[in-house]
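Handing you this structure, nothing more for now.
For clarity, chains are labelled A, B, C, D, E and F in written order, and residue numbers in each chain start from 1.
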Amino acid sequence: MFYHVKELQYHAKPERPDPLFAKKLQEVLGGQFGEISVALQYLFQGWSVRGNGKYKDLLMDTGAEELAHIEMLATMIARLLDGAPVGDLETAAKDPIIGAILGGMNPQHVIVSGLGAMPADSVGNRWTADYIIASGNLLADFRANLNAESQGRLQVVRLYEETNDRGVKDMLSWLIARDTMHQNQWIAAIKELEAKENVVVPSTFPRELEKQEVSYTLFNFSKGNQSAQGRWAHGPSMDGLGQFNYVENPVPLAKKPVLRPAPPYIHDTPPAVLKDTQGLVPPNMK
Amino acid sequence: MFYHVKELQYHAKPERPDPLFAKKLQEVLGGQFGEISVALQYLFQGWSVRGNGKYKDLLMDTGAEELAHIEMLATMIARLLDGAPVGDLETAAKDPIIGAILGGMNPQHVIVSGLGAMPADSVGNRWTADYIIASGNLLADFRANLNAESQGRLQVVRLYEETNDRGVKDMLSWLIARDTMHQNQWIAAIKELEAKENVVVPSTFPRELEKQEVSYTLFNFSKGNQSAQGRWAHGPSMDGLGQFNYVENPVPLAKKPVLRPAPPYIHDTPPAVLKDTQGLVPPNMK
Amino acid sequence: MFYHVKELQYHAKPERPDPLFAKKLQEVLGGQFGEISVALQYLFQGWSVRGNGKYKDLLMDTGAEELAHIEMLATMIARLLDGAPVGDLETAAKDPIIGAILGGMNPQHVIVSGLGAMPADSVGNRWTADYIIASGNLLADFRANLNAESQGRLQVVRLYEETNDRGVKDMLSWLIARDTMHQNQWIAAIKELEAKENVVVPSTFPRELEKQEVSYTLFNFSKGNQSAQGRWAHGPSMDGLGQFNYVENPVPLAKKPVLRPAPPYIHDTPPAVLKDTQGLVPPNMK
Amino acid sequence: MFYHVKELQYHAKPERPDPLFAKKLQEVLGGQFGEISVALQYLFQGWSVRGNGKYKDLLMDTGAEELAHIEMLATMIARLLDGAPVGDLETAAKDPIIGAILGGMNPQHVIVSGLGAMPADSVGNRWTADYIIASGNLLADFRANLNAESQGRLQVVRLYEETNDRGVKDMLSWLIARDTMHQNQWIAAIKELEAKENVVVPSTFPRELEKQEVSYTLFNFSKGNQSAQGRWAHGPSMDGLGQFNYVENPVPLAKKPVLRPAPPYIHDTPPAVLKDTQGLVPPNMK
Amino acid sequence: MFYHVKELQYHAKPERPDPLFAKKLQEVLGGQFGEISVALQYLFQGWSVRGNGKYKDLLMDTGAEELAHIEMLATMIARLLDGAPVGDLETAAKDPIIGAILGGMNPQHVIVSGLGAMPADSVGNRWTADYIIASGNLLADFRANLNAESQGRLQVVRLYEETNDRGVKDMLSWLIARDTMHQNQWIAAIKELEAKENVVVPSTFPRELEKQEVSYTLFNFSKGNQSAQGRWAHGPSMDGLGQFNYVENPVPLAKKPVLRPAPPYIHDTPPAVLKDTQGLVPPNMK
Amino acid sequence: MFYHVKELQYHAKPERPDPLFAKKLQEVLGGQFGEISVALQYLFQGWSVRGNGKYKDLLMDTGAEELAHIEMLATMIARLLDGAPVGDLETAAKDPIIGAILGGMNPQHVIVSGLGAMPADSVGNRWTADYIIASGNLLADFRANLNAESQGRLQVVRLYEETNDRGVKDMLSWLIARDTMHQNQWIAAIKELEAKENVVVPSTFPRELEKQEVSYTLFNFSKGNQSAQGRWAHGPSMDGLGQFNYVENPVPLAKKPVLRPAPPYIHDTPPAVLKDTQGLVPPNMK
């Protein structure tokens, strides 16, 4: 169960409106690695943990914090949109700055949301749960979380570089610090689980049931062998259970598949027509 | 540039048709962590690497291999669909097994693809590039890749548990082994980059520009403090640059936001109407 | 800012597992009118209110409660999935009940979420922010909310009819009661705003700027005039500003549009080719 | 069955081309509350009415009219795009107005549609049936319709404020008037159904089966009690069947959920690993 | 402008309900090549024709007819859903037929639409305008139409094979006949345009501006040369302007791309780190 | 199985960066008819061919080539983004050209992809498998392919008109030539299959089972009879099996549908309420 307090976790006040930046800032609110994504990802992971304990608690802690970040960003975006200009080409023609705003801002910030933040990214794609991950396997999911915080911090840093507004920079520097923590915490949790299980997810599948002859092989499918220089191509594997090896010229291990004809009720191309096309290559083409 | 050979990388032949399993197997072909996702993710990452060298080569090697896995799964699914039965409720009523197939299989495997594999997941959602990640920052992206291979291997293992068909199990045991390698290789690459940069992505943002006072703080937003037990709550941070700390009762650091009224041309609720609602709490409610 | 407590707002415990019902119950968690939709809809509306006061507070209260409902449903679904069977057609063939489960359950509940709830609806469509509405105009948005609670309660009632499990019914009867309240509360808020503004949204657009001659006209575009019997076809309009009227045989008021040819750099069908097709109807076709 | 006449319901002719406004105008053609949405929403509702009569007729009348509105908007957009300029950065650099158009217009209006309207919104999201609602329950659906016309009229009014073109304003003033009518008509229909049934949807669920103790309770989940001032917090409920009440400090009514471990074939985090994390809070953290 | 008549274009009455078939039939209502797709595709193409004449008229004629087909299918689906059973696993366990229906039918047909048709395909994906095509170039678009009618007729034929219901078959045989006509009509229109322009779209791009040396070349990128047997590999090209030729072993024509480093404000992997990876292949790997 | 070589099929080097054009060029990489679409469409069709032979080989050849085109476009876009400027409104205000770039470029090219190409179209919609077609019936699918190459070439030609950069034009002229070939090759393949089967897809459905009385009829549903002038309205049908005919005033062939009431457990509008609305038209309305 959740309680809300009206105060913000941290300040979210720009020096001045900037509808163009409002549009960009949507990315870290409603984009693939925005705050909606991490909030719902952590909560869904937490609700699915079978058993309780510190991992579940950590997920719920962090999920609840991310809800506060959505709120900060929604507030900041609304303020960046304060008094945004409206107009058509005639208006745009009169003043290049107004023109740049009218052409560059997200038109839905006027028409749809009435100067409010939207659950969408910086090009207007609505947020989708396609972005989130919750498998029930904590090691897998903490890796998803570490990735999310890595991509998220990277995006916030890029946005920090794109603005001169001290109020915006102040809020972003908060979010960047929190992402520093969140990367650190997921790394800590991952290390702990890797120590208890092993580095390969899932750790519970019997090794003898996989084709172990290719469990540590790098196939060089991209001509040129710079990839042979990597740690992944020689020496003991990272899970400590094998030796990396490198196959410079990989070959197929199974023959050409031939599929059986479809039954008549499927109305695919009739087998007679297809068969007709399987003759020999005409001599003049060789 | 790409060349195709008609032979398969590995066998993809079931013992017998099973349209229900064909539907499930779609998950690792066209789902969030299916082979289309990893193939295009690695290729897009590779094409975006600014500079060449072993990381780019590794991405292209692995991307090209994943294309071969799409092909194996497409072939397997087509064979699992061989001669799939068709019919309506009347047909279903005659034979419970036929009925289970008719109710449980993906109807698009007959109507849309004519007994072929589809670029879709196990419930029929079409594949979308929402699933893939390529940021230009290799450490961030290799974490995405490690996650993808972790989720992917987990899903293949679950599918392995769901079938009794030796041909299917044989192919899955190949894919499981390859995912073992791919997890190992991304771990190796991540370790190398972490050693060169640092564990926090991006490593190039000046530390003094982030709000360092909260860079290593766990806020306990979920009542109860089991999360205090974790490594993430005390001791040196994983990046070696700070000390984790735990705030049991986090409080807001900014006050309630009050947004300015919208300009008249937005036609939001008129300010007069809103103001009207901000009176005191009636005495009888206290 | 949000705080989470680990206890549930209300019980979420089924009498027994039922993976088929788990799939159906996803509808009111992650469907168009599921709890994710109302939670995020109310929160986004609240964050966008320009001014504070009771409406904003009401939105935040209800949004926070809906987060608790997501949690209850996620918990219930995980329990309905407890120990869900796995298997292929061979397994299905042995026991019709197992077969029905294997064919009818959501395969992603095993493969993807590992027996956890998903942010998706009952057919597996991932939740999308396409479902939510926040315009900045409270009267418009409260109507969206009343609709959401009406559709939502209807769906929960239908699910109530589809189960015999007393634990599930108990939880659903809680959700139904809350939806009763939420319909009542939005009706109360709507009535208040309608009294202050008028029933037509937005109330601030000058009436003389709309084409008032058709502001209260029902055009009978569907042959047959049963629609003439409605209150909407005669008598004073609901906004008290006009008289409804009924046009039995509506006619177009503008002539056939003719679009100018595209410029050559568009490479549409060349005007010469199009012109050629605009001759008279050949005599023998009349 | 439908017949088409080539004449438009109303004029759709701008004074001059304006590709920036063409992009914005797409919102009310192919956006969430655009004309495609209402047309298909009313038609699907009409086709699903079980029984005939005036409500079905009203739905078909209005649905058919909305098809005419799609046509008017498609025509207007094509005309606003007449002779739209093309070019790259070099072209843009020569003339700020051309530059503003090239940067601000929808590039698909040239590349994809060849200066035609698209079934998409103002940021280019393609229309999706996620936007529409048809439940079979007319009171629920008429509320959806009233919301759609409220949001729709609001958006058209905002667009009206964004243009100086008299031809565009003329057409928009027609659409605004029609939305006035449509809001009025759905209000009339809603009032009639509410009088026959009750205000809570669905009206047919036995009251004794819902948890009536919370059917009229406002839970104050958002700290601060401005929401206590509302009509929704005291007095008789809007359905006339209860009394509103306000719970200032709501508490959870069920205990912490503990989910059972997943079966081994799911390969979640092994129970032993999870159990390990559930120890007591270390003394120094208390 | 459109008029609706309440009578159906053709009969849409099944012999008996069949909720499983109702689910399948959704494919040709709301799927990629369902009636919504063709209706909106033809109408959007028609509205975008720049100039009037017979092609525009043909598009509007056919678009309007497809609206009538949506209506027939919506009616048929509602009837196939008449009195559909509801229940949970307990209910399913009692009767294998009921169980098959409960597992196999679309749960949204009960929960969401209340036994009505939905704007969705046979697996529940909501219809999207991603499916439709309107480019302004009629030859291109008529090819899209011919494809749509080919795919559509194929799907209806497959559905015809899946049912024993004479009422359903009767309606499908009408739709199949109409698709016969629509394929014929688009072929006729295509032939006419090809005769006036040429077979390559667009016909207006100057030939000398394309790289004519590869305008008629088949590159054999898939090892094995069965493709050399085709008409496309030798003889005059279909547009009469060149000679087909076959390149058995195609080679790249440009060298390896090397991208410049990203500027620092992008925070990609630092160039120093990347450079580090571009050394020579270690001797032992050669 | 696939092999990659690092060299490009053809040059992909612009004269100078142009982030606005980079955004537009995304259309033919990740849009509806971009290279991802054709690559995956041809590969999926190829993998589903039941039988081998020249058609399958042709599909794999062309699919593999399209992968090379994705690579060329990804490279070109990365180069057009070289050193793209970043900044906010303040930056934009200083220099109109920078302002035009900041407003007009895709913000995700900085924030998300770090100056790399994205699997998205020119307005930022992520690529989706909704775009691709593979039915198992080769005649149907080759028509889809001919359409894809027609739309694709049209889009590339329009982009060619939008740039002055000789490097970009050089690459586009290569893609235009390849699309010339691909249109030619699918036409050749279609002609061959039409000669072996017939022009109507599928060719295997018995003619006597369709309603032959309407197999060659054009219904004039759009008032005005310009469509009567077409070849499709008179003379022998294109399949050689009938005579086209034209129905100037088509009438419905089935009566008004009346659906049965929903069962009570659906909680639709109660039949009593609906029945109430089916009275006679009030005398004063006639």
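The criterion applied here is as follows: a contact is a pair of C-beta atoms (placed from the backbone, for glycine too) under 8 Å apart; a residue touches a chain by one contact, two chains touch by 3 or more.
Not measured: the values here are computed from a predicted model.
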Where subunit B and subunit E overlap in contact partners, by chain label: A, C, D, F
Between the pairs A-C and B-D, the one where more C-beta pairs touch: A-C
Angle of rotation relating subunit E to subunit F [CA atoms, steps of 5 degrees]: 180
Gap in Å, rounded to a whole number, between the CA centres of subunit F and subunit A: 27
Per-residue multi-chain contacts in subunit F, two or more chains: 1-9, 32, 48, 50, 52-55, 60-61, 63-64, 68, 75, 78, 86, 96, 100, 103-104, 110, 112, 114-115, 123-126, 128, 130, 135-137, 139, 154-155, 157-158, 161-162, 202, 205, 221-222, 224-226, 228-229, 252, 256, 259-260, 262, 265-268, 277-278
Touching residues (chain side subunit F, partner subunit D) in the complex: 18-21, 23-24, 27-28, 31-32, 96-97, 100-101, 103-105, 121-125, 154-155, 158-159, 161-165, 221-224, 252, 256, 258-262, 264, 266-271, 273-278
Residues of subunit D defined as touching subunit F within the complex: 1-6, 48-55, 86-93, 96, 99-100, 102-104, 106-108, 110-112, 114, 123-126, 135-139, 193, 196-197, 202-205
Interface residues, subunit A side, partner subunit C - complex: 1-9, 30, 36, 40, 43-44, 47-48, 50, 60-61, 63-64, 67-68, 70-71, 74-75, 78, 112-120, 126-130, 132, 134-137
Subunit A-touching residues of subunit B, taken from the complex the two chains share: 5-13, 32, 52-58, 60-65, 68, 75, 78-79, 82-83, 86, 110, 114-115, 128, 130-131, 133, 135, 137, 139-140, 143-144, 146-147, 150-151, 153-155, 157, 160, 173-174, 176-178, 180-181, 183-185, 187-189, 191-192, 199-202, 205, 209-222, 224-232, 237-239, 244, 250, 252-257, 259-260, 262-263, 265-268
In the complex with subunit E, residue positions of subunit A that touch it: 154, 157-158, 161-162, 225-226, 228-229, 233-234, 246, 265-267, 277-279, 281-282, 284-285
